[in-house]
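So, here come the structures, one by one.
In the two assemblies presented below, subunit A is common to both, partnered first by subunit B and then by subunit C.
After this line comes the complex of A and B, so read on.
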């Protein structure tokens, strides 16, 4: 069964893993200890101490607070909300809905038309990191990308209830 | 529905004296009672004789791959021969797939549906199912993606008993629709879709009925391709049948029967296990949209002449037992266009995505079908409540509709740590170039250009997407040789190249798309379609990555190309940057269509007219300001990204040295810092933002197609209606 070192997983996170290891990771049977190792890698990757219990998105993590609450927290340390909520409703939002604003991103005619669709950019309130982009018609509700069932995952799939 | 053995005119062909209907009902009952395929509890063959088990599977799989590789040489169509638009599979007597070849595996389940249709409608009674019979199907309401995909299905008998089915599918270059091309559109309903063969008996004694072939010749354009493709599919299916019978002769009938049941149950269990290994239980949302700007398109039918927007509110739920449920609850209603989908292609699309992501193994079969669930609201574009809807280009909605699944699966991979498998999703497979008319050989012709099988791929978590090389519907995409297309189409290639800034921006950018500029030549008239999204993005990025580009239309009617060529004057090879269009600069025309109406109904083109075919780039992944600035400079230097976007999008400052650019690191850092600050200054708190947007919703301040889309989704789905109202906290009396 395949296994990888923490250094290799750090390289995977940083985008510096060599292509042969990457190919192995993609094509071989998955390493059963990946989840626990990646938690350690991410924990070392951030500057704060709250325990990461689930990586949620590239710069977002679910952390377990001392009071038992599960909070969505960014790499910069911004705490958005509890895990069952949509973190986007607590972010900074920039709306692109003019052709001039689209011109910063795409050649004219190769972007959407603002009457049909707009681009919503969700930023980390601490440092302005772009966390997610939505391209939706005007009036579309915020997309709740991922609502993890953490209890089922830990209790039934990992067989290790959260302490 | 039940047809007991005594009602048949001849001896039942199922196992143990049962009819096929009885076998199917037994299978269904056992699955409902036990949750396992055919009630199989112990995989005894796999457990006690694992080498034999694997040998049987390998033999079947190898036989199918061999059948595909051999049979495609019979075809004359570049779509089949060069691009590999065919596949073969074998099935149980009930129509459940056991093993499949490489190729367009979306059809493994659609052919299964076609077999099940024959069983359900008691073909065993009439027209009968006998050794050497040949059945054909291209009806998506029965089991297919669209009319252009044609199935050949043959029964496999061992003595008097049906031991299964072999089937093959190819994509045709023309199906005799109201306009030329395999996926014509612009008509209102089924009656313009072309020849329809509904799981029909088309031959016996391993030969086609001559009257069937003659009907096909008379109904389709480019008849040579159709007839040779019939022989292609039959040959492949016969090779697959022979491989099954060889296997039975070596391992014995009972062992083969046991293998069939266990292989599918193993597939089901493997899928669930794979799900638990790779995913995280929970709910994922990833909606998508496509525009249909037809209000002013005189080339389409009156009933279709309006602006429309497709809504595909895909959600994925991973349950505690590993089952995966996909739902399109909230999808809007079908309409009088050709982009409606029957359930069969939607199931097939889920299949083709699963096999390229979660279950990327060659040991794939209908076990996945028994471990997944697909919810398609009745009456929506994804499950029309009128069977006469047109479905010639189902893919136009289906491709964007499923793009969210890749992002949702990727979010699971991220949570589990399997970053190496994350993709931002795929690009849409447009522009779809097709059409026909009197061709360069002086006969009536038709074609569908499959360059669309080579879009830019989505960015991965660890690298940029690949340039112009793949489609979601064919894992082995191939653009085809320019010369092959020119031999088939009366249009010369003036150029084929990468389309700059088509890949979705991101820390890792989407793969770059391509474009080809074509000139109608050696014919006085062609009818051509443009096909693709223009006012919308139809596939999106992830983690701060932006969508890949949308498309546009740029065609020149009544051009001065003849004069330019005769005089040796410059002429365009590509379009390049549409803000500095080569076509506009180097060609004059009586009519220039240069706009975002990227999907256009059938339009007349004359000799020397120009047609731009632009294939999309893939979506991006991650914040563009985190992209390695050296990669940005490289992209500009090789023409994948236009110079101005290095600064405005990626925050990269460059200086010119000779013909290339070099990075100014210090200025880049400074610029990026200021851009991050600007982001915070120009953005607002989410609460304020959504309060502002709520007012717009209350005022119903939308253009007609957006408003119609919301009204239709809310009308069809009380669940989506409630969700929309709840999110915006709308007054009870608010309605569209």
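After this line comes the complex of A and C, so read on.
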């Protein structure tokens, strides 16, 4: 069964893994110990000490606070909210809803019309990292996109409860 | 008695093999580390290693070497490692991004089926020419070879000026439809020469119409660029090897194995043809032996560490592929059609955790063998591990005993990774893996033959390579081949085959000439045959001239050359052409056309099906081909006296147990080099040589003939 060193996974996270190893990782069966190793890699990667229990998106993690609360925290250290809430409601938002603003991204007429669609860019309030982008009709609620069932995942997939 | 030798060398990625064969068919193989900076050093060391087995030195032998053949992977490695020459490219305006787009298909060429479906694994190649060194010039030749837009010569001038400033070592020119009309490319050449003369530069130009005048623009661009990028620098290597040969007193001209199955001079204009030569040697060797023995239809099967290569020889001819791919490049070179299917002896065996079934490959440990190799640190069992575990492979005989394999490590590997997860016994699991492997190969063999419209009893199957003889009984069982042949020198068969190759050039040219269905009636041809004939004949003539020019470099005059004339034909509007060899030199009559049609129809109905024939569409000749051959000295097939059926006691090695069909058998073990012609081996027997092992399971027997070929027969009912 495939297994990778922590160093290889670190390179995977940094985007420096060589193309042959990357191809292997993509083609092979999933390495069974990946989750635990990748948590260690991320934990070493961030500057804060809260325990990561789940990577949520490229720059977002679910961390376990000392009071037992599960908080969504960005790589820069900004704490958004509890895991069951929509973190986007606590982020800085840049709204593009005019043709001029679309022009900055797409050639004219190759983007949607602002009456039909707007682009919402969610930024980290600490350091301005772009965390997520959504393209939705005007007035549509902020999409709550990943609502993990952490306890079931730990109990039934990993076979050990989260303590 | 006057001696004469044939030498062939194979400079692989790690080892350089040199093979000497004398007039009686006796041969030695030498091995030495490959020395990429100067291959002639490894070549010299390998020669010394080979010849010491005859108590001779290179100086003694080379003056009597009459043929020397080179094959190697240095060109391919230069391409893979992107260490070729710095080039500039001039293309038709609009095509400048070809190496970035690479028709999409090059992002997954050569991938396993699973990975082809998995788009996330697809990746663009690093372009062999940087985008800033690609220049587009306006102008257009249409598909009929007529000028639609004149060439904008100022743009050529500007491009060449910039390329001169970039200090490129060569300029590739590939304009659209240049195979139909080379005027614009010739103009580019003239203008470029003017600019270079002004600037005092002298950069070689590589014109596609000059080197590879064939259709399919992107593959042609690739081929011409690879020629300039990777093949051109090889000339220096060849020169150094040739210098060694003459330093040893040899006066033979070194020739290079090319992808079409012939050898060409190292001064040949189109050297990229030698890029792919690895698996071809064996097929050339098989064809040579078959010809001697009067066999027409051969299946060649070669199991190496990573792949199972399968090729067909039908009516004494190879099937040629016009557009092969190599190292994720689509190329436009004639290549003997060889399919790499299934897996090799180093392929990994695993249990798929989702389906709980055994899966083999597609990746492999290759030269690292498997977990049983104490010098490698493999963590997944391979087919070799299963073979060691079941007694098929002698752990003390691997590479002649250079590496002692560890059956316990193989046992642990198979147990942990396959047997335990499946709840099977360890030996039972290992046998299951091998059965799965052999079943898979058997299906592939059958499918290839059946797909050509033949059945196995029309064919003799040859099995060679390090792993072929090990599994040959398994993958031929029940298929009822006319004969199953294993050469006693199976492991060195590729090198032997290279030495059997003709001195042969093969040049292709696109013509795209058709004659419509309406021009044909039962009485013959009413329409003007002349237009078609003119197109074919003039192309053949131009190719003959080029073949003659190539031979001229080796001091061979045109009247010594035997020419063969070939057309590639398809039904008008269809996509797959079929190669047709004709027995006339020029199309001069309706009978000639009828011969092309008849032979095409015949080949087509075999390759596809009789019902798929579509003569009403008319016939289109896509490419014409000329091959020119000069006979060369080839190794003799050994002829030894036939002795009794019982193998000599001196050939017998210590017996061991071999696991087959769920039980252990007491096997007779022999030294393959010491058994005699006429000897018969019944299952279970194992014949060992330093680089290969022939296993005869229960229900089979093998007989060694006077040419040292084993013939294997199934004896159970």
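Keep in mind that, in the parts below, the second predicted complex is superposed on the first by the 163 of 163 C-alpha atoms of A that agree within 3 Å, B and C clash if a C-alpha of one lies under 4 Å from a C-alpha of the other, contacts with A are read in each partner's own complex, and residues count from 1 in each chain.
One rule holds in what follows: contacts are C-beta pairs under 8 Å (C-beta built on N, C-alpha and C of every residue); 3 or more make two chains touch, one makes a residue touch a chain.
If you're wondering where the values come from, they're calculated on a predicted model, not measured in any experiment.
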Partner chain(s) touched by A:156 [first = subunit B, second = subunit C, both, neither]: first
Dominant contact partner of subunit A by residue count, subunit C or subunit B: B
Partner chain in contact with A:26 - subunit B first, subunit C second, else both or neither: both
Partner chain in contact with A:38 - subunit B first, subunit C second, else both or neither: first
Touched partner set for A:108, first subunit B, second subunit C, both or neither: first
Shared subunit A contacts, counted only where both subunit B and subunit C touch the same residue: 26
Residue numbers on subunit A that touch subunit B, as the complex places them: 9, 12-13, 15, 17, 22, 25-26, 30, 34-35, 37-39, 41, 54-59, 88-95, 103-113, 115-117, 119, 121-123, 125, 127-149, 152-153, 156-157
Touch list for subunit B against partner subunit A, complex: 276-278, 280-287, 289, 291, 309, 318, 320, 407-408, 411, 414-421, 461-463, 500-502, 505, 508, 534-537, 540-547, 549-552, 577-579, 594-596, 621-626, 642, 645, 648-649, 675-680, 682-687, 689-690, 693, 696-697, 701-703, 705-706, 709-710, 723-724, 727-728
Partner subunit C, residues of subunit A touching it in the complex: 1, 3, 19, 23-24, 26-27, 29
Residues on subunit C engaged by subunit A in the complex (per definition of touch): 112, 114-115, 118, 120-121, 123, 350, 352-354, 363, 379-380, 417
